[in-house]
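Two complexes come next, and they have one chain in common, chain A, joined by chain B in the first and chain C in the second.
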Partner chain A sequence: MASLARFRPAARRVPAFARAIQTYADTTQLQDTIEDQSKPFTVKLHEESFRSYQCETPSLEVEVKKDELLKMYKDMQTMRRMEMAADALYKAKLIRGFCHLAIGQEAVSVGLEYGIKPEDRVITAYRCHPFAVMRGGTIKGVIAELLGRQAGMSHGKGGSMHIFTPSFFGGNGIVGAQVPIGAGIAFAQKYLGNKTATFALYGDGASNQGQVFEAFNMAKLWDLPAVFVCENNKYGMGTPAERSSSNTEYFTRGDKIPGLQVNGMDIIASRHAVQYARKWVTEGNGPLLMEFVTYRYGGHSMSDPGTTYRTREEVQRMRSTQDPIRGLQRYIEEWGLATEQELKQLDKDAKAEVDQAVEEAKQSPEPLIKDLWTDIYYKGTEPPFMRGREREEVHHY
Partner chain B sequence: MLAPRLRSRLPAFVSSVRDHPRQSCRWQTTASTAVEPPPASGHSSSVASSKLLRITRESALRTPGIVWADEEPVRNIVGGRETRKMNLYQSVRDALSIALAKDDTAVVFGEDIAFGGVFRCTMGLAEEFANCAAGRERVFNTPLTEQGIAGFGIGLASMGHTAIAEIQFADYIFPAFDQLVNEAAKFRYRSGGNFSIGGLTVRTPTMAVGHGGLYHSQSPEGFFMGAAGLKIVIPRSPIQCKGLLLSAIRDPNPVIFMEPKILYRSAVEQVPIDDYAIPLSRAETLIPGSDLTLLTWGTPVYHCESAIQLLNSPPPSLAPLIPLSLRSAKVELIDLRTILPWDMEAVVESVRRTKRLVIVHEAGMTGGVGGEIAAEVSKRAFLRLEAPVRRITGWDVPAALQFEKFNMPDEIRILDGIVETLSY
Partner chain C sequence: MATVLTMRPARQSMTLARSLSRAQRRALHQTRVRYAITKLEMPAMSPTMTEGGIASWKKAEGESFSAGDVLVEIETDKATIDVEAQDDGILGKIIAPDGSKNVQVGRLIALLAEEGDDISNLEVPKEESKSAPPQPEPETRVTQPPATPASQPTAPKASHHPKHSKHLLPSVMRLLIEGNVADAEAIPGTGVRGMLTKGDVLAYLGRASSPMGTFKEAKKEVPVPQKVEEPKPLDGAAIRQLIVSGLAAKLKPALAPKTPETFDAIIADYLPLPSSPKAAPIPMPSMKHDSTARYFDGLL
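Moving on to the complex of A and B:
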């Protein structure tokens, strides 16, 4: 019967954009004229910025501040520059192994940070570099970690997927494994009586992992202050969401957990939704599902050119019409908050900052051989020794 | 040549006590035909009669290696302490109660544990630590969701809490295998020491119960041997269990604590009621000897004890098979207690003295812990060994219900291994 396979008609290509939500990055409108640029002013999001499941959608009117928008612009630009630097270092063979870049998804990582508080907790999967920096890490620390150097945030022992800060519980290499861990973190927050939230992020690919549903169930059962955030960049590795998920409306997949679908390309919408979600879970309403509809410009990882399962035109169209950085740039210019010249300067600053961090990271030495053996067991509780390849390499604690 | 002969006699020996149908003794009363029914627990000698169990207060308080966890060190005297008779599940409960009372961040969770758990290890614990005023529970049921329980516990521990999870049977730990091996074991290492989930302890009942069958009688400790960063502990008795469990809970590394389920009720000791610890990664020599080292952990400790007794004073049915010259052999019995990282020093030191090693565990031989130990001992004591290291283990088969007693390394098989190794 196997031979019949070749008579099977080619699978029908499902249109990748069968969604009601729109993901343009520049559809937010200024409500009234800005008289004093130092004061907050109101803007109105596009009415298709959100869709909700068993809860109200956030209001479309959002208060923003000039300083904040400029900072967000600078941060997004810096994150993109950092990822581009990682890309270049990888192609120069200075970074080896696995490396997943988030170019195109900046409005999620930066928007998240601007919507939460320092004492909140974040845990995500392997596409983690921007989150690590936004949560208190440094670009040098991230790049050095990718390069496997001592100055890396995990001292060169974690690599691309394993970068941590005190409020950021890491990238995790196993698809979906971070989600139940996020539930545990949220439980600790509830146990301590803190009015803080845990944001557990995963991709549209990971959303089909069994343990994600296990975590949903526990979180709803115990009303944990957890926001489960699906970063839907439309492809789980090389498989379009429509071909992997029976229900691609990821914000509705929590059963009794309410959900919110968000335009993840407009950072004003992203940040606003994050604030809404944070308020929802810290006010004791139990968990919330969030789906950011976003897009990655690059491949899944460095070994994936990202053009075998989608057309170059599709990527090009997303880049030219829905780019989150360009969108914010347009707001800033149209609303008269800064000139093109001033924004160009911010771009240059971002590039210079990343270039310097890369140079510093390159200067950092590789980890010492002795650190091969540290942090396996808690210091002082190790076995008397651990094996090396030969007698001389046996490490005695 | 002796051992094969012994083995050939095994079926006869076993059948003489095992295979006679129960009904025959109900109405046949004459001495010539009456056959005793097999005891409910099978023919392995009873754990209850073991000399390894400390059934008096004085012996309990003199347990080797015990470390009292008193706030004031002045009470460190044997005289003033009390013990209570407990079986193994009661000692688990006692340890959990102490851990919860002394550590406000400690929580206990697992499937059905709020009303005691399937083995009663958490009886009354939820009521004892119900804190309704604060609106939080410290002992609570989880859904039937092993991978979720492990991940949840890891997240909780990563916040600095003491997370004591129960996986209802060790056989169910496999869905959680990824979380334990990939997340728990590597959390500290991959974060360059920035994060610790040392507060995580996963308790789980392990080993055969006699009638557990495929999914309730396995011993999965060997699967975790490659997960550096984890510790695996298996206690043999109530005193050991309480001390080792408290050590495991307070150890700054994630620990999988496997409790031999058949011992929950059958192993009874006088257990000190105070807070104490028994250090991890230390093997304990239960019976000193000079001619052969018998290394085991968990339930087979008692089968090994019986095997040594059979060797030293064989019953008439076995006597012709045990050469007189071997009956006075002094076998050293060691309980490994911590399986990872194991006490290589103590085991190798013993084998260097005795020159022979027999390892007993319930898990199958292939890929079992015994192979790892045998390889290391062969390397470190190669020139001292006078016989190959021998492993007496479960067969490499699933633990099928009706064959479970055949699968377990009982005292006859251990005796066979000892005799063969001594006469090699």
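Moving on to the complex of A and C:
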């Protein structure tokens, strides 16, 4: 069986004239010179940034603003630093248990946030730390939650699979279970008459789960404003996508649901596609499937070195040629929006912000024993008593 | 320079020294600015790892690396694992050299610096005591006695909930609630390890005569010791007697088999033994508490 793991087809079986998406982060071109940096300007995405299924691709002309690009750069760098800090804390044995990091996939989370409105809903699986912060959380809250302290967003009782904000529904542990819940949230939005979009994210490894297709069916049947987003980082734990899925074009798996494949390493393309998707579902066209082609540098989780199923050279190559933060840095410098020093200063600010949040989170105390009994039931609806961990441990409310 | 300064009055010399040093700072060539030094500590490559060894350093002091490059190979009890760098930088100083053994997780093994830093005089920082996660104040940490969590004096609630120091069985709980028993502790418990039984509650409520009700334990029959005669050891005469009687029996003509007289005699062998009225009564399985205790031990 182990030999099968190392068996990879010599050449990818791509038909001769099929278009393939490119995943470089620095292929967007400036249309004309920028006269006034305070006004929005137009850039043109690479023609192979999108692929569509049963719908039109978004236009390749995108309007961007200087301060928005700088904010996106700072956010991506902050998210990268936060994940690296979590990595270091895990290696120092302060974070225990599960820790799934999204280093390399920052363009998806930050691009999503900049393409949607605050009242839109997002639900994802356990690679959720950047989403949690972007959707209204704090870095200190996320780090403290991973450390298991009271300052955490779930008071330290949940960990990375239980982080919520009013518009972010977690943080879910079971693979693929968040997709039908996301369809339900979209149903609630439609039922309440809200003109919002719901984004239900899952990975390429979860795309073959049965309940995902059940959710697709219901969403299409009732025209729910749901966008199903597949974050295809090419590996489901240790299994490459070609070894797990017969159809690796995840954006076509919606059957009657139109789909859109996006270059998930270029944040301008990502954000533009998210805006397109939001417009699609809020105008009543039913659900939409999106696939972000992205890459994670680390392993599946902190227990996985990430080099047993792929070569280190591949990871280094992706890091050096397709890193989303470097790509945005190239755009900003090439288009004359900021100098290298200013961007380095943003890097330092991001690092300082994360370091300070980590220090504050470390100072927070561990949860109290009495908090074992709180937050299980809605206040006022508790049963008379609750059994604890041992026979003699009974708590009376 | 110094001698000139010491001859002047103290206050003026101070200002002169300060202004001179400022001028020195301005005039002298600036040494390269050193950014923050990052400490590389021994990482825990698995959650159960407590110490490891350095197999080999892949980068030399002063060599630069980029994020994702392998810096060092760590030997754990399970395997040799590569440690990758998180950021770009240069290796400033190696503190734990190749072949170090028993390096605790969290101990400093190297100092990393950023590109373009001056690493000529990196000092090993003194070992700082690791700040353990702060313990909450003692008064806020309530230690629950594991044996009696239910014996807290609570205000009477609207919903009557009986409490007992021992576990309450569901049937017992139901009777307590139905019978509106205010204090379950007043009822003596005759169950295993002092638990309340349904019979206890019924007897308390007056619905039963006793905790065991009308159940009567069967009297155990004490077996009468029968007189057993000790067999006398055989002497010579007795042995001879035995031999002769045995021989005589052999010499007697074999008895003709008797034909059975009645039908019942024929089938008598095949019928079950008639129940004799004097059969000893089979003792009932005793319902003593010790056997019940043995049955329930470890069950609840």
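Some notes on this structure:
As a working rule, the second predicted complex is superposed on the first by the 373 of 397 C-alpha atoms of A that agree within 3 Å, B and C clash if a C-alpha of one lies under 4 Å from a C-alpha of the other, contacts with A are read in each partner's own complex, and residues count from 1 in each chain.
By our rule, a contact is a pair of C-beta atoms (placed from the backbone, for glycine too) under 8 Å apart; a residue touches a chain by one contact, two chains touch by 3 or more.
Owing to the predicted nature of the structure, the values given are computational and were not obtained by experimental measurement.
Clashing of chain B with chain C is the outcome of superposition onto chain A. Look at A:384: by the touch rule set out above, it reaches both chain B and chain C. Of the two partner chains placed by the overlay, only chain B lies in contact with A:172; chain C stays clear of it.
By the touch criterion stated above, A:184 is placed in contact with chain B alone, chain C being left untouched. When the two complexes are superposed, the chain touching more residues of chain A, out of chain B and chain C, is B. With both structures placed on the common chain, the touch criterion links A:157 to chain B but leaves chain C unconnected. When the shared chain is aligned, no partner comes close enough to touch A:257: not chain B, not chain C.
Residues 384 of chain A lie at the contact with chain B in one complex and at the contact with chain C in the other. Put simply, chain B touches chain A in their complex at residues 105, 107, 134, 136, 142-143, 145, 147-148, 150-161, 163, 178-179, 182-183, 188-196, 198, 228-229, 231, 251-253, 280-281, 341-342, 344-345.
Chain A contributes residues 121, 123, 152-158, 162, 164-166, 169-170, 172-174, 177, 179-191, 193, 210-211, 214-215, 217-218, 221, 374-378, 381-384, 386 to its touches with chain B in the complex. Chain A contributes residues 84, 87-88, 90-94, 96-97, 147, 149, 297, 303, 305, 307, 312, 315-316, 319-320, 362-363, 365-366, 368-370, 384-385, 390-396 to its touches with chain C in the complex.
Per the touch definition, chain C reaches chain A in the complex via residues 41, 43-47, 66-70, 81-82, 86-87, 105-106, 131, 133-136, 140-144, 146-150, 152, 154, 159, 161, 163, 167, 300.
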